[in-house]
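The following pair of complexes shares a single chain, chain A, combined with chain B in the former and chain C in the latter.
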Partner chain A sequence: MAMVATLIAILILFLTPYLWIVMTSFKTRLDILSDAPVWFFTPTSENYPTIFIDKNYLPLVWNSMIVASFSTILSLAFGTPAAYVFARFEFPGKEDLFFFFLTTRMAPPISIVVPMFLLFSVLGLTDKPIAVILAHTTFNVSLVVWMMRGFFADIPREIDEAAMMDGHTRGGTFLRVLLPLAAPGLAATAVLCFILSWNEFLYAFILVAFEGRTLTVGIPGLVTPHGTLWGQVTSVAVVATLPILFFTFLVQKHLVRGLTFGAVKG
Partner chain B sequence: MSVSFNQISKVFADGTVGLDHLDLKFDKGEFIVLLGPSGSGKTTACRILAGLEEATSGSVKVDNLEVTSLPPRERNMGMVFQNYALYGHKTVYENIAYPLRIRKIDKGNIDNRVKAIAKVLQIEDFLDRRPSQLSGGQAQRVAVARAMVWSPDICLMDEPLSNLDALLRLKTRTELKRLHGDLGQTFVFVTHDQEEAMTLGTRIAVLNQGKLAQFDTPRQVYHEPATRFVAEFIGRPAMNIIEGEIKDCVFKSGPFELAVKGQPDGPVALGVRPEQIVLKEVSTDESVGFNLDVLELVEPDALLFVNKGDTSLVVRVMHDIGDLDRGSEVHLEFPDHARHFFEISDGRRRS
Partner chain C sequence: MRTNRIIERVLDHGVAPLLLVPSVVLLFVILLGPFLFMVWTGFTDLHYALPNRDGAFVGFDNFRRLMQDDPIFWHSFWLTMKFVFGVVLVEFAFGLGLALLIFHYIKNHRFILTILLVPMMLAPIAVGLIWKLLLSGDFGMFTYYLRAIGLADLQTSILGNPSLVMPAIMLIDVWQWTPFVTLVILAGLLSLPKEPFEAAIMDGARPLQIFKDVTLPLLRPIIALVLLLRGIDAFKEFDKVFILTGGGPGISTEMLSIYTYRINFRDWDLGYGAVCAFMVYLVVLIMCSVFYKAVYWNEGRSKMAGKAAA
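What follows is the complex of A and B.
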């Protein structure tokens, strides 16, 4: 009973702000700005069309999709083979190198953003989604390496050996046998990468300003000198959380396992 | 076809010596058993033959063709692993068919071969299942089927029976022997179980600390062990070894004395198998008296644990011996053919 009560308390604590955001996105400006919190109101459907059609925020959803998808794909493409090598091979300095991947995430992101901006402007990539994709890939790769190593280590070595005896090359073993077996872990890692990239604000904000803006960057544009447009802000926020809700429910079982497992075993 | 290990050594990254200049040669169609305790290098030898482990030095030849640095897929060998290593995301049928698919055999042919081998191993009814739905014995048979379906020259097995329960192990052992007789492929079988080795092998390679102790037929290994190690490792209960000294044709170890012929003087280890010691009802010219310490009845056999001074022996009697009391004197004979003499220094058999 105590367990259930605790869970309910935690749920209320975490869900109330989210419910408030959802409610606010359906409120009129009058209801939003009233002195006392308004729990019961006549919902309005004006906020969503205003922000996504009239203010043309729909392409931002598309940009966020592009950035999150491609940075996820790139991170997996680079990180998964590396994780496989860490799980299976012995070489000098292996654990140091493995730890180095983690240290890339230890510096405060803001300390790297200016050098990265300069780098991208030299390359002529600023204000293009590819800049954000690459930036997000740099920090998601380490996440992939750390999580996937645990999933690969979980598969017995004999499976690799059996596949090689059955006629595969090392590469074929990885692509045809190990990847399908690690698919649940791969999916969980992909979702986590996607969420991190989707939610990321700082790099997206600095590296693109106009056409390539993502949803997170779009929100501060609604904080105007005449006041914050809360109805529209919350509408964007609600839309921004939908993919995350969807993916998290899809792979939540593997997600928890992947996080704890990779961390403990790595 | 023949397989030969030439001066194969393996030193692992942490400095442990897996194999120490191993020389081994055998022919097509044999059932070779690599036998030894853990750490003897038997599995390493098997994995080097498979190409899963790289030898530090030396060469492996198959049909006089150097295969030492070839990857596993180019060696024409199948392998059964101790934990079976079946692909969990594929059905039994697809597991067995997989080596054929990789080798791009056409579909109809694959189907014929999978069904044929499934019939031989009696797993036709499980072809649609997943490996997780199989019992240990079934999974083991699927692993054998996968290793043999494409008719490789050599079938390697790394302790394939050790995860099965005792009864199933005996049954599978007999099946493997029959399979070898039917298919005529070369089998290389790794085990630490001397009984498995004795029943399965056409020849047994006994390994100890990375070195080949003896390579011979089970009969020879039993009757003429080349070293003290082999003598003690083969046969249960283990061979009795008494360390002592020969002087003027008498072997002496404490109060235990035995007349021996044709052996030079000097320190020596005398070995006698428990089942070859003869129990006499009365004292004879050749018998030696021992005190009975413990009597174990393992019907239909009886194990007698006897001692004389510091010398303790196990005697296995395979007939009814009636009642014997603890502490009573028993009279034992050690026939000439049952005596083995080993050097104390290096454990080699005295010629």
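What follows is the complex of A and C.
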């Protein structure tokens, strides 16, 4: 029992930094800048409207949603069929190709974003959401391939065989039989793609500067050496993180699998 | 009628390439294209801020500069290495300990896991922001309590002190990512077969002995996996440092990603920047192939997945 109590104490301590930022977003400037930390205060609701309406940060939420949604759709559309092939077919060079997908997921953004920036400038794509959508698709496609391969492999092959006996082609089997069976996995993968794209900073930061800014890109600009308006920045941070935490809890069951590239099933 | 037959045959026999090729082409175009472009840029003198530097071929000049004339790059390199080894070791030790505690003492761990997930699922830029506020020299909550217990004197702000700032960033990374290690190891512990443990208990082995001789060897693949994944991720660290210190004070937190960013997007020295970016890529690629060999190649993917299945 003592052990359980200690663990719970540790966990509360562990969450304090995040709770502090949520609290700060409801504090007045006076409470935030006070010398001693203020734990009990009269909450103010002025920070959120000020930053999102008066300072026009609302479009950033919209941009983040556009970028995350479209890169998720694109990644699923390209990645799921490939995952099925990896799960069901044998062909020469298969594992090498699979490794290639892994390297695209692991590639350091800083090395890819430089040439991407040069290329997109030439194509006139910078500061448009499409630039970030494509950039995020590079890492999400391979996440889909790795995660979905495992979900397809979990479906017994007998089901394919039965479907083909019933007159489905292989393509038909994939679309009409396996895809519906893998739907829960597909949903979890989609949510994870969405989260990773929503949270991503470096690609978005380099590729869009003004109109196309996402929420994460909007954060550092608000932090200045002198006179950061912490109430407002923390409001942005809370809006950027709370929906994601909610999504996380939805897919908690599949999260370990997703974050270890299908190697460990949670 | 005939076209129908052809479509049917394609859907039956040609389906593998049909489904696989689009994703490969997509990645080649949006990833390998820019990558090759970067390699090419590394052989030129492209510079956006200086006149007459419009991308003439200069051979291996940039590589020579990197190897011989750039102490800051190597400072960043070793700083990054220390960061990677430091955080991975600490996160592993804490993560393993916490996973064992939860495994042995908590029956229903769903609630605890939910809480543990929070820091690792926050946008890294938000994590940086949180700690920037907490560690602020004037009104930071953490700074206040550190001073109250006498651990920091009144003058210093932790993020402005060259000898404290790097350990602070490492601790922040530990806060953010220890739960990941815990989650993965816990999933591994839950998936271990019961028989070896029962046999060891029958033989009268003590708990510590069981842990050393049964648990650890069985967990080895999972441990390798989690160490490598964290290592690769830590090597790429950018977001938190960018918002916390931007590489400062001076260059005391200028890790490789930050340095490469500065060369490319502050100095606009794109030819040389491409070489720096290439080096970062190379290190990650090496770590990545070790990861792949360690976790998938030897074990055989399906066997591994089957063993880890809960």
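By definition in this document, the second predicted complex is superposed on the first by the 241 of 266 C-alpha atoms of A that agree within 3 Å, B and C clash if a C-alpha of one lies under 4 Å from a C-alpha of the other, contacts with A are read in each partner's own complex, and residues count from 1 in each chain.
The rule we apply is simple: a contact is a pair of C-beta atoms (placed from the backbone, for glycine too) under 8 Å apart; a residue touches a chain by one contact, two chains touch by 3 or more.
These numbers were taken from a predicted model, which means no experiment stands behind them.
Participant: State whether chain B and chain C clash or fit side by side on chain A once the two structures are superposed.
Facilitator: fit
Participant: Comparing chain B against chain C, which has contacts with more of the residues in chain A?
Facilitator: Of chain B and chain C, C contacts more residues of chain A.
Participant: Under the superposition described above, what is the C-alpha centre angle at chain A formed with chain B and chain C, rounded in steps of 10 degrees?
Facilitator: Given the fit on chain A C-alpha atoms, the answer is 90 degrees.
Participant: If you stack the two complexes on chain A, which partner ends up touching A:121: first (chain B), second (chain C), both, or neither?
Facilitator: Neither partner.
Participant: So, does A:159 touch the first partner chain B, the second partner chain C, both, or neither?
Facilitator: In the superposition, A:159 contacts chain B only.
Participant: Kindly classify A:198 by the partners it touches after superposition: chain B alone (first), chain C alone (second), both, or neither?
Facilitator: second
Participant: Under the stated touch criterion, which partner chain does A:169 make contact with: chain B (first), chain C (second), both, or neither?
Facilitator: Both chain B and chain C are touched by A:169.
Participant: Scan A:181 for contacts with chain B and chain C and give back first, second, both or neither.
Facilitator: Touch partner of A:181: chain B, not chain C.
Participant: Minimum C-alpha distance between chain B and chain C after superposition, to be given in whole Å.
Facilitator: Value for chain B versus chain C, nearest C-alpha atoms: 6 Å.
Participant: Between chain B and chain C, which residues of chain A are contacted by each of them?
Facilitator: 169-170, 172
Participant: Considering only the defined contacts, which chain A positions touch chain B in the complex?
Facilitator: 90, 156, 158-159, 161-170, 172, 177, 180-181, 183
Participant: Name, in rising order, each residue of chain B that touches chain A in their complex.
Facilitator: Touching chain A: residues 13, 50-52, 71-73, 77-79, 81-83, 85-89, 98-99, 102-103, 146-147 of chain B.
Participant: In the complex, go through chain A and note every residue touching chain C.
Facilitator: Result: residues 3-4, 7, 11, 14-15, 17-18, 20-21, 24, 32-37, 78-79, 81-82, 84-86, 89, 91, 95, 97, 99-104, 106-112, 114-116, 118-119, 134-135, 137-138, 141-142, 145, 150, 153, 169-172, 174, 195, 198-202, 206, 215-216, 219-220, 223, 230, 233-234, 237, 240-241, 244-245, 248-249, 252, 255-256, 259-266 of chain A touch chain C.
Participant: Considering only the defined contacts, which chain C positions touch chain A in the complex?
Facilitator: 8, 10-13, 15-16, 18-20, 22-24, 26-27, 30-31, 33-35, 37-38, 41, 101-102, 105-106, 110, 112-119, 121-126, 129-134, 138-139, 141, 144-145, 175, 180, 183-184, 187-188, 191, 222, 225-226, 229, 232, 235-236, 238-239, 242-243, 256-257, 260-261, 264-265, 270, 273-274, 277-278, 280-281, 284-285, 287-289, 291-292, 295-297, 302, 304-305, 308-310
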